[in-house]
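Got a structure for you, questions after.
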Amino acid sequence: MSLITKFLSTLLHRREAGIAVMIVLLALVVGAIQPRFLTLETLRIIALAIPLILIAAMGQMMVLVARHVDLSIGSILAFSSIIAGIMFRDLPDVPIIISIVAAIACGGALGFANGVIVTLFRLPSIIVTLGTLSLYRGLVFLVSGARQVDPQYIPRSLIEMSQTSPIFGIPWIVILAFVIALLTYFFLDHVRLGRQIYALGSNPVAAPLRGIKVVPLTILVFTMSGALAGLTGIIYASRFGYVNPGITGVGFEFTVIAAVVIGGVSINGGVGTVLGTVLGVILLGMVNVALPLLGVSAFWQDVIYGAVIVIALLIDKSVRDRSARALAAARSAA
Amino acid sequence: MADAPLIAARGISKQFAGVEVLSDVDLDLMAGEIHALLGENGAGKSTFAKILAGVHRPTRGTLALNGQPVEVNNPTTAQRLGITLIHQEPISFPDMSVAENLVLGRTDSALLGRVPWAEMEQGAKDLMTQLGVRIDVTKPMRGLSIADQQMVEIARALASDSRLIIMDEPTAPLTPKEVDTLFKIARRLRDEGRTIIFISHRLEEVQALCDRATIFRDGALVDTVDVVDVTDEDIIKLMIGRPLRELIHKTGSEIGEVALEVSGLSQPGMFKNISFSVRKGEIVGLAGLVGAGRTDVARAIFGVAPAQSGTINVNGAPVTIAEPSDAIDLGLAFVPEDRAVAGIFKTLSVEHNITATVPGKIAPRGFISRGIEKALTAQSVKQLRIRLASVRQPIGELSGGNQQKAILARWLHTDPQILILDEPTRGIDIGVKAEFYDMIGKLAADGRAILLISSELPELLALCDRILVMAEGELTADLLRADATQETIMHAAVPKTGNHAQESAA
Amino acid sequence: QDPVSIVYIPKNTGNPYFDSLVAGFEDACKELNCEFTMAAPATAEATSQIPFITAQTQRGVDVIAISPNSPDAMNQVLDRARSRGILVLAVNGDLVDNYEHRDAAILPVDFTKTGPGQVELVGSMIGYKGEIAVLSATTDAPDQNTWIAAMVDSLKTNPKYKDMNLVATVYGDDEPQKSTTEAEALLQTYPDLKGIISPTTVGVAAAAQVIQSAGKADEVKLTGLGTPNQMRPFIKDGTVEAVQLWSPYNEGLLAAYFAVGVKNGTIKNEVGATFEVPELGTITIGEHNVMNTQAELTTFNADNIDDFDF
Amino acid sequence: MTMQTETAKPTRDSADARPMWQVVLVRPEVMTFALLVGAFIIASNLSPFFSDAQFILESSTYYVEYSIIALVLTLVIISGEIDLSPAAMMALSACVFAALYQAGLPIGLAMIASLATGVLMGLFNGILVVVFKLPSIIVTIGTLTLYRGLAQVLAGDRSIGKFPQWFNGIDYRLILDVPVPVIVFVIISVALAAILGTTVIGRQIYQVGTSEIASIHAGIRVRRIKLGLFVAMGVASSIGGLLTASRLASVRYDMATGGELQMVLMVMLGGTYIFGGRGSILGTFLASWLLVIIATGMTVANIAITAQLIVMGALLIISIIATNAIYARTQR
């Protein structure tokens, strides 16, 4: 009996279960209308839609768990990818990997700057990153001279990362994204430093009293988020084959935050799992792919997109309420 | 004494924004003693404790550990030196498991080291067994009662193997049985040669546990005494600089009609079938162990979190209270237990805090009249003797007792006929407490009905005409003043089934 | 006499298409000794150009050339500029149905020929047989819609195209992500698809990338309107045989010559008037004061693409 | 009994009150004002074309719709919530207006329908936040996508126009040389400042933002206030949408894209505290002008958009650093 209640309450507690159910339902419903949705080819398309969001979502998730938010990732992504693009164009002899590292480092540096401003002046990250969202975009225009890096300069091997596959036809960038998710999982769940991020978000007042070095930890979290956004910039270049300073990554932060929140990461900090985030990203990716397949007019996409966010929030809320009630009932029954 | 003291504090002073809250404290703490810190609210006890634990840095003064000068710049250093502070308000990480809460922030392993989940949970389980509490260490901290959270804090201090453990009002949320357990542990630690600083407002606990006591007043150390040598009166005199009269003031006011009657109030998971009534002029106490559900009942009556079923009658007529404003319209008032969160508007002025309940009064024609507002506030400040620099200063700058007075003042302006006071004197020093008792008595004498929730039995026994007792969400006793004693109340308050009973049988 | 001051307001900053248009202005102004400035908003929204127009009016420039983000949202500010004696030119896109709010328009080609030209191009690639689809910009993009209507019309009326079948028109909103998803969905939904026409630079680049990824260059032929720089790798590696466009550079050139001519009184801005522009030859002002830089679209393929850099 | 606790107590029970000059001078609004003056001087030096009142007023009409909404947003943020959907609400209510007008509804009715749409959208946001207790920042990110999407469904990406002549060009109607929208802005500023500063509702907005739980316990109808504020956002957005429709003489679904950031920027620049409980209409009022001056000044000086983005971003961060420092000083 108590085992069953325990199992039930864990299940109710698991936000992930809810998203998984939504994913299955969506697949079935869309599949019923458009059987083509349930093919391997679609799976590949969905898989390709995921890495861009997933990698940045890992960073954003850490930031949210630490009770912050990073709205500047779209601009960081653009900055990193334009830096890499410029290096590809102007320094064709430099090995690609150097440019990739440079892009990640640039992302990390901008994230670091976010972290420093947030901690040094004790400012709410939402406003700081709203500011750097604009500021970094300005930098993108500045370093690029407002000029696009054309496809001819993007190295073949980089583009092939989203086309060729080492195994089972799964493209490199998809594998990369899942490796990063796994690393993040390991870091957050099995490394002391990772646990401290949860602690920090769970109770920012208690954290310093427990010897957690809040300032460096916060800066680290923003730096990681920036670096992952930077890596996303590289993937962006790989997937789309050119880098434009004006459109790359615009509005990207909303997509990522939506995915992370759908994945059950609390914007109040301290709560959230890598699994949930991955599922949230998959759900969003599926919606993106399903709509054109269903022949839904492009006009409806935003409506559905917005509705999915609102519904996910409502479901999250009801799951939480239900688990709280179950907990209370269990308590009074005991 | 042959050995150097474990800690020697010299000339410790602390200023906050220019206000000196601790001045020139010299104190020696010996190895293997339990040392009480006593003093009124705001005397500086917690501040001193925090300085020892590296939370605050002293403005002036030095610390020596075993005769060696040390600088305790941050909590990590303190921990390394073997100093652990159990904070006044339990500080934990609500989203993380009990086991993790026990080890988080421990400095003995590398930051990039792996988290040994299994080991950690086993260790936590052992620690809980050792303490004699039944807490599932894999559950998140969030679900724990305050008392259990406090026990986890204590367990953490134990686990960290400290030389000096500072407990800042650890017993406030604990049941007598838990207090007993805590005392046993404390004595054992002392016998192992560790030092414990014990901060409490309950003098009987100090008498029962402590070896020496240091009394603070207005930020200065007044005296350090051997506990066996002094009486409570002596200590109180030292604390407030004057003697205090006996606690009993209830002046049998005239008891009238039933003002508030609840019947069959239930909220699944919180409380069940609560029925009682309070008459005009009557003070009805509500006793119970922490977590018994008293606050939940009060919140339900006042409409903060209405009950699922049951009825409420006010002055004989059934009423619906969907939100607090309904309750206020019916003449109810509620002083919540968690003053910092549910009571004050911390950054707003005292004035705005006091007039929060009477928008109609301060704005008779829709626009706020500064004159009326000033007058109302001045009246409150005078009537309740609220001590402040200016009515326009943020209420957060006031001491706890004065904040609580302002909250009461807020309600007096609504001229309530039924007052629900939830732990109104919690964390308030003896001097201000006496003022509160007096005020409560006067309110009843005016013919108001009062429901007084308190965890301090002497307080209830002194003030109440009748005492209700709750245990595990149910009403277990309704005692007349004549029948109520500490024993009868505790008998009803301790649950008949469940954890507590099993434990006491064991 | 002061040199004529010209300001050009493209749709947005960082759009490579306008870079060569600006270069056209700059080179012409070197010749003609006019003063040229460019001022661009960050995003290509309907209203983002308005403050720029007002500011330039305030600065008292002689000519405002603009690639409008909206056919009608700027009517009032443009009128105000014109009332101050400023010559207002629409460049590369017109204020469709709001012609009276600008003085003249400089367009690259006669847009009525664009649609049929594209159909012919894709037809020649697929042997005039099979399913084709269109990947456009936004659903109401006026130029694209004109071209698509003309495509549909010629598919219906020209017997040469009787075996070609337009199965879908989808919209990528000129966003790389969305265009990519839509292109992928096209390949997915229509396994027998033979050709895609994408009459927008963002769309054609995204579709090329998708076809390259899927390795379907042999099965699905792609064409559309694309800039040489954007399409160069795809044309070189055979993913795309050919795309078409015109020369934005010439638009800048023509606009500058026309503006300076009108301001100096050497060109009359009326329908039917003609004037000479070096390299472009004789330009005739057409209906609604529209003039074109070239008659036909330029087709870029593996043979000639390296001759172009824009 | 007599109180024996009365002694000549030192002020240790409370901190000393701050001197008056600090109370008055050390306020975020003062900083905003100083920035405003500074920006004006710099802009005048950057371009000889800048300091022309008529030009500044005309340019301000491009931002005034945002400014009006930012005033209401100030109240929302003081109450401890945020609304990121107003720009989308502007677009949807304007599209409703235009679509209905085009469908043959009399223009007056179409305007009423547009306002009603504003009410509904605000209500929807409010219900999600207040009844379902969802965090407003995420809820409104969701509804901003939703509303913008609905606008697109409704209007496609045509622009809908051809309104009667009297409706168009409200920004060119002048009263005492001042464009009508600016006058509307000033009137709403004064009205909201009066509500916030002198009425019970205003007081309660601050109280709710300072501590929602304490407000509930004090009998303040928190839900009603918040719901009301969200509805007010909807109405203000709808008014903003109609003003924009009149100014542009046309409506598209992408009206005011990204405007939410500008509005938040105005509120933040005005010294309103992002976590609620503090802030003022005066601050937002000044900040609106600050933004107009900066944006207009840079545009007329032909400063590249690159620099504009950097300046705006930096400004937001600097202003909030200053605001926070000021609150930290005055709040200890």
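Before moving on, here are some points about what is shown:
Order as written gives the chain letters A, B, C and D; numbering starts at 1 within each chain.
Just so it is clear, contacts are C-beta pairs under 8 Å (C-beta built on N, C-alpha and C of every residue); 3 or more make two chains touch, one makes a residue touch a chain.
Heads up on the chains, UniProt names are A = Autoinducer 2 import system permease protein LsrC; B = Sugar ABC transporter ATP-binding protein; D = Autoinducer 2 import system permease protein LsrD.
What you see is a predicted model; the values in this text were computed from it and never measured.
Taking B-D and A-B together, the pair of chains sharing more C-beta contacts is B-D. Here the spacing of subunit B and subunit C, counted between their Cα centres, is 74 Å.
Rounded to whole angstrom, the centroid-to-centroid distance between subunit B and subunit D, based on C-alpha atoms, equals 42 Å. Centroids built from CA atoms put subunit B at 43 Å from subunit A. Centroid to centroid, with C-alpha atoms defining each point, subunit A and subunit C lie 36 Å apart.
Under the contact definition stated at the top, the residues of subunit D that touch 2 or more other chains are 156, 304-306, 308-309.
Residues of subunit A in contact with two or more other chains: 137, 141, 146, 297, 299, 301. For subunit B, residues touching at least two other chains: there are none. Taken together, the chains touch in the following pairs: A-B, A-C, A-D, B-D, C-D. Contacts from subunit C toward subunit D in the complex involve residues 13, 37, 39-43, 45-47, 50-52, 54-55, 58-60, 70-76, 138-141.
Residues 128, 132-135, 137-139, 141-150, 152-153, 156, 261, 264-265, 268, 274-275, 304-317, 320-321, 324-325, 328 of subunit D are the ones touching subunit A in the complex. Those residues of subunit A whose C-beta lies close enough to touch subunit C in the complex are 36, 39, 41-42, 45, 48-49, 52, 137, 141, 144, 146-148, 150-152, 154, 159, 162-163, 239-242, 244-248, 250, 288-289, 292-293, 295, 297-299, 301.
On subunit B, the positions that touch subunit A within their shared complex are 55, 74-76, 79, 85, 87, 91-96, 100, 104-107, 109-115, 117, 143, 268-270, 272, 473, 498. Within the complex formed with subunit B, the residues of subunit A that make contact are 189-193, 195-196, 198-199, 201-203, 205-213, 270-271, 325, 327-329, 331-332, 334.
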